[in-house]
Amino acid sequence: MKEGNEKIIDMYKQMFLLRNYEDKIYFLFLEGVMPGTIHQSQGQEASAVGMLYDLRKEDYLTSTHRPAGHCLAKGVSLESMMAEMFAKSTGCCKGKGGAMHTGDITVGALPAIAITAGGMPVAVGVGLSCKMRKTDNVVVCFFGDGASNEGAFHEAMNAAAIWSLPVIFACENNLYGASTHINRVVKINDLAERGSAYGIPAEVVDGNDVLKVNEAATRAIDRARKGLGPTFLELKTYRRCGHSRNDACGYRDKAEEKEWFDKDPLTRLKKHMLDHNIITQEKIEAIEQEVMARIESAVDYAKASPDVKPEDALTNVY
Amino acid sequence: MKEGNEKIIDMYKQMFLLRNYEDKIYFLFLEGVMPGTIHQSQGQEASAVGMLYDLRKEDYLTSTHRPAGHCLAKGVSLESMMAEMFAKSTGCCKGKGGAMHTGDITVGALPAIAITAGGMPVAVGVGLSCKMRKTDNVVVCFFGDGASNEGAFHEAMNAAAIWSLPVIFACENNLYGASTHINRVVKINDLAERGSAYGIPAEVVDGNDVLKVNEAATRAIDRARKGLGPTFLELKTYRRCGHSRNDACGYRDKAEEKEWFDKDPLTRLKKHMLDHNIITQEKIEAIEQEVMARIESAVDYAKASPDVKPEDALTNVY
Amino acid sequence: MAKMSIAEALREAIREEMRRDERVFCLGEDIDVEGGFGGAFTVTLGLSKEFGHERILDTPISEIMIAGAAVGAAMTGMIPIADVQYGDFLFCMMDQLANNAAKMTYMSGGTVKVPMVMRAPVGATTRGAQHAQSLESFFTHIPGLKIICPSTAYDAKGLLKTAIRDENPVVVFEHKLLYGSKGTRAEKSALSPVGEVPEEEYLIPFGVGAIRRAGTDITIVATLLMVYKALEAAAVLEEEGISVEVIDPRTLVPFDYEMVIESIKKTSRLIIVEEDTKRNGWGAEVAATIAEEALYYLDAPIKRVATYDVPIPFAPIMENFVIPSPARIADAARDLMKY
Amino acid sequence: MAKMSIAEALREAIREEMRRDERVFCLGEDIDVEGGFGGAFTVTLGLSKEFGHERILDTPISEIMIAGAAVGAAMTGMIPIADVQYGDFLFCMMDQLANNAAKMTYMSGGTVKVPMVMRAPVGATTRGAQHAQSLESFFTHIPGLKIICPSTAYDAKGLLKTAIRDENPVVVFEHKLLYGSKGTRAEKSALSPVGEVPEEEYLIPFGVGAIRRAGTDITIVATLLMVYKALEAAAVLEEEGISVEVIDPRTLVPFDYEMVIESIKKTSRLIIVEEDTKRNGWGAEVAATIAEEALYYLDAPIKRVATYDVPIPFAPIMENFVIPSPARIADAARDLMKY
């Protein structure tokens, strides 16, 4: 784990990977070479990288139907992620999980859960496990604005609070649950206001500023490691992509889109780095080329990987 | 519906009925003449009567596994309640529902729902119906402190808020969910604090003072009738009885019990009435005798009622 | 006669019933967003233009509330049509459906009615185990619910209208690959049958099956997508001189046993095909009932061709393997012909 | 040999496994309150004296969380034993059990394990429709779950220990009238069998049934309380010269078909008795499987004696009528003897 400027540069590198991984997937999906559907995370790179950058391998992640960014930032291998999208036997779920269930327990990334808020009670159990096994490990639990209206959210938040579990509730508020704007389904201004219903400290964070996200994450992780209990972070962000495959976002206001696209997390971080002479334009380009090459080779790896066998469908279940 | 002192006297009469109905049931249950189990409401009469006294017949009630007081206060007939306890065909549920499901839709009392918090989403639907049918009717939704940790509570509160439904959420906080003290399962001081998570105005109310409860209820009902939306009232109260059949409450602190028994809602109201010369001791006794007589005749009615027939079990279901 | 897809037929059924009875309304997630999809499979698309946003009600992502609110509204004078985006999410509202919707009328001694409709899309579409299940059999096991599964546009409209007018809760299972959803909601490898639907109003009674193809050697009972797979198999078998009768019960509760028994009197062989996993699927109930009441018409064991007892895998290669295919159905038929 | 009730046997199983493996812990509502009940049926009573309050964990009334937390803890190195106070409440946590617990191992390509146990009391005890259901069949239909139903103290201890050591999620159905819960938690009309339980440790493998009574004319398959009702019926039938074999499969998933088939080879008659409602109950799966794989050993239709397809009524007169009684079982047997 890097420090100072090196860390900032490394976070940029990760964010650039997330963005271009998703863009590549989108392209491949349109080509028709990938089955199923996709829920992408372009625009939400700062929350994934900022929240997870300082975690240890032994710490845990629970994710959602939109897991790619979270998984890559937690350390799931790019190749195994890509191979899973191609439904190959080398996929992180052996082709059995698919886009909505990626993960790799060996790096602490639980298989993503696609039931809205369904991962939140699971995160409580992970927190309980970290505590009962007397570790100081923590779990970062991602969910969306829409998920905050599920009963599972309520039961999970309350339990984590009363048992002061090392769970960091990271709510990526991208303003929409599928096509429904958050203002149509809650009557409060900030979802962070819900923390007080459980006695959980909560913060509203600029989810498109990776440095701000990372600061908040560091505080929350520190609290959790010390056994002081959960924190609720509301990360305000925005999808640059559709909710799922071919969604033109006809339900979004164009002015709103422009406002948020102007706050793009990568553009902002890049500007910050250049303004503060943290890195040169040349170095950035070198990093970007390196990342793009990694993505291409991951695609080659996935394509070259063996297909699953039909009978494999009958294994891994009692 | 009565006003002023007459109303106060009438509320006392109702509370006395609730208390003695439950005591009678308890006695009969111990005698072994009643099947199943009982969840009684001695000590919580002020919340039931105070909340429901000003409702119209067209207004609605949703209740819980502890429904007797609510049902009687909403106007379900004493005879049909008693007959249901005896599992008779004249019971308010024809002997099919039992102690945990009493109700009578003709007086707006929906069949009680015994799944903790299970009635709350149902109350949302009732409120929706009142609104969509363009009535100014309201629904009072009772639930307990323990129920406030169920996912159903969360989803119901949020929906009622965003649609400004005429739902009054009446939380009877009797400090225990079965044998578990509320302080062991929530980290906040007052459950009323949860209102703000939904943008619902909330109040803490002395649930053992029927006049205070009734004032709060009047405000909430008025808001609801005007289309201003739901209110969350936390009624602090206490069970004088066990959670269910033969429960000696070994989990309760004796000092706590004493403190609360001294705040008995009936004793307090009686004292208030005498102190303010609202009624004479003689008149009170006359009322009490009248009520006791009604209860006895209800028991006779129930005992004399015909048993259900085995084959009746096959009706009322598709 | 108009030609329409199942999604369109369902939409027309809702439209007609909402016009007829102002108590009818829809609630669900993303069913009425401007510029949205009209529900996950376009069924409610555009309906609010005619009926307004209150009667085509967008909800928060709160399945417990959606089902519970439907129950409460139904008990107090409304007729809600609720939906989930994927059938798999019915598990989130199972308590409200099983403990309340199905039991309220009974527990109240018949004094309350619960005239609600719950719509749920089922079927595997290469999205993985949490977006692929067919949940029919969980619900056929709940007394108090009626269960319907329309496989054609004609049935979709006629059965849904009957469901809306039923005073009991009805769960409608619709198949993702049969909707014929258009535009951005179109499904790869969808079958999307387009069917003739009369202009004039009609209702289809529950408990009356439909013979999709007449035959004399083997009776195949199937619903939803499996009706089409069974017909494919029947076509292949015909060339081999095996004559297959394909029965679509159309509703699982009530179930048209009469039609099945009449058929096996003729064929003396029975195959049940279901997309649901085999163990304790609805096919088990059909087989058990026939084994209890009509065993002596049979000359061969009762075969069930169902999805293997595993969660639905993501990889199409595996998904296609676990879901019944025309080939697997045909093999089962050939086996039975040995008797 | 010690004599103990099923509640005591379950408690001993938990105690031994918690001593053996510190990853094992219990969570549930009211399971560990001072002066409380030790769960709705006393199974966990007193355990915290030895293991502390963290390993016998009282929870809020939050079923979704209880099940979800069990899944999360199980995936990350713990072995949770969760419980619900009444089986009926499993519907509240159905999503976590069906979509997560049962599927995680599979969806992850076998890279995670979910070694959790979910305990649920079932059976009708005159408390009305929401506290009376037998939910076994909802869960036998979910691939990825193992389902056990101990009907004796010996089985309760041996099967629960096996369940705790299984790396898959196991759902344990326990019968309220068989626990033998004492004191204030005692149940009217309870059977409360007390059984011999060896001092030394033992495990009972899943998928191995037990012949509760040997016979030659009719095979009766039953679980939990129905085992005892079947034995009552068998005693009556014996006087009439009808010899009944009573098989208790003990686990529903996996299921000991071998034992059942061996038995019907001898008896050629099969009755399945279940307390669950009939339509799509687990008995349907047993009947369908036998009809598919062992039809030719039978000389008579396969009978199912089950609870009628209605919610469970409150009035004891009605409850006794809908639940299978020894008399109804005996009648079914007499019918079959006509073949």
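Each chain gets a letter, A, B, C and D, in the order it is written, and its residues are counted from 1.
To be clear about the criterion, a residue touches a chain if its C-beta (ideal position, glycine included) is under 8 Å from a C-beta of that chain, and two chains touch if they have at least 3 such contacts.
Just so we're clear, the structure is a prediction, and the values are computed from it rather than from any experiment.
When every step has to jump to a touching chain, what is the lowest number of steps that links subunit B to subunit D?
The distance in steps between these two chains is 1.
Using C-alpha centres only, name the chain that sits farthest from subunit A.
Between subunit A and every other chain, the largest centroid distance is to B.
Distance-wise, how many Å sit between the C-alpha centres of subunit A and subunit D, to the nearest whole number?
The mean C-alpha positions of subunit A and subunit D differ by 41 Å.
Can you compute the centre-to-centre distance for subunit A and subunit C, using the mean CA position of each chain? Integer Å is fine.
A distance of 36 Å separates the two centres.
Using the average of all C-alpha atoms in each chain as its centre, how far is it in Å between subunit A and subunit B?
That pair's centroid distance is 46 Å.
For subunit D, jot down the residues that touch at least 2 other chains.
Within subunit D, residues 59-60, 62-64, 88-89, 92, 95, 99, 106-107, 128-130, 143-144, 309-311, 313-314 contact more than one other chain.
So which stretches of subunit A touch two or more other chains?
Expected reply: 93, 95-97, 101, 113, 115, 149-152, 155, 158, 162, 184-186, 317.
Can the chain contact pattern be summarised as a line, a ring, a star, a complete graph, or none of these (other)?
The chain contacts form a complete graph, every chain touching every other.
Could you list, by residue number, the parts of subunit B that touch subunit A in their complex?
Touching subunit A from subunit B are residues 149-155, 158, 161-162, 184-188, 193-194, 196-200.
Taking the complex as given, what residues does subunit D use to touch subunit C?
Per the stated touch rule, the residues are 88-89, 91-92, 94-95, 98-99, 102-103, 106-107, 128-130, 137-138, 140-141, 143-144, 253, 277, 279-285, 287-293, 295, 298, 301-304, 309-311, 313-314.
Any idea which subunit C residues touch subunit B in the complex?
The touching residues are 25, 54-55, 57, 59-60, 62-65, 67-78, 80, 95-96, 99-100, 104-112, 143-146, 168.
State the interface residues of subunit B toward subunit D in the complex, per the touch definition above.
Interface residues on the subunit B side: 35-37, 84, 87-88, 93, 95-101, 113-117, 146-147, 149-151, 177-180, 184-186, 245-252, 307-314, 317.
In the complex formed with subunit B, which residues of subunit D make contact?
So the residues of subunit D touching subunit B come out as 29-30, 33-37, 58-64, 85, 88-89, 92, 125-131, 184, 188, 308-311, 313-322.
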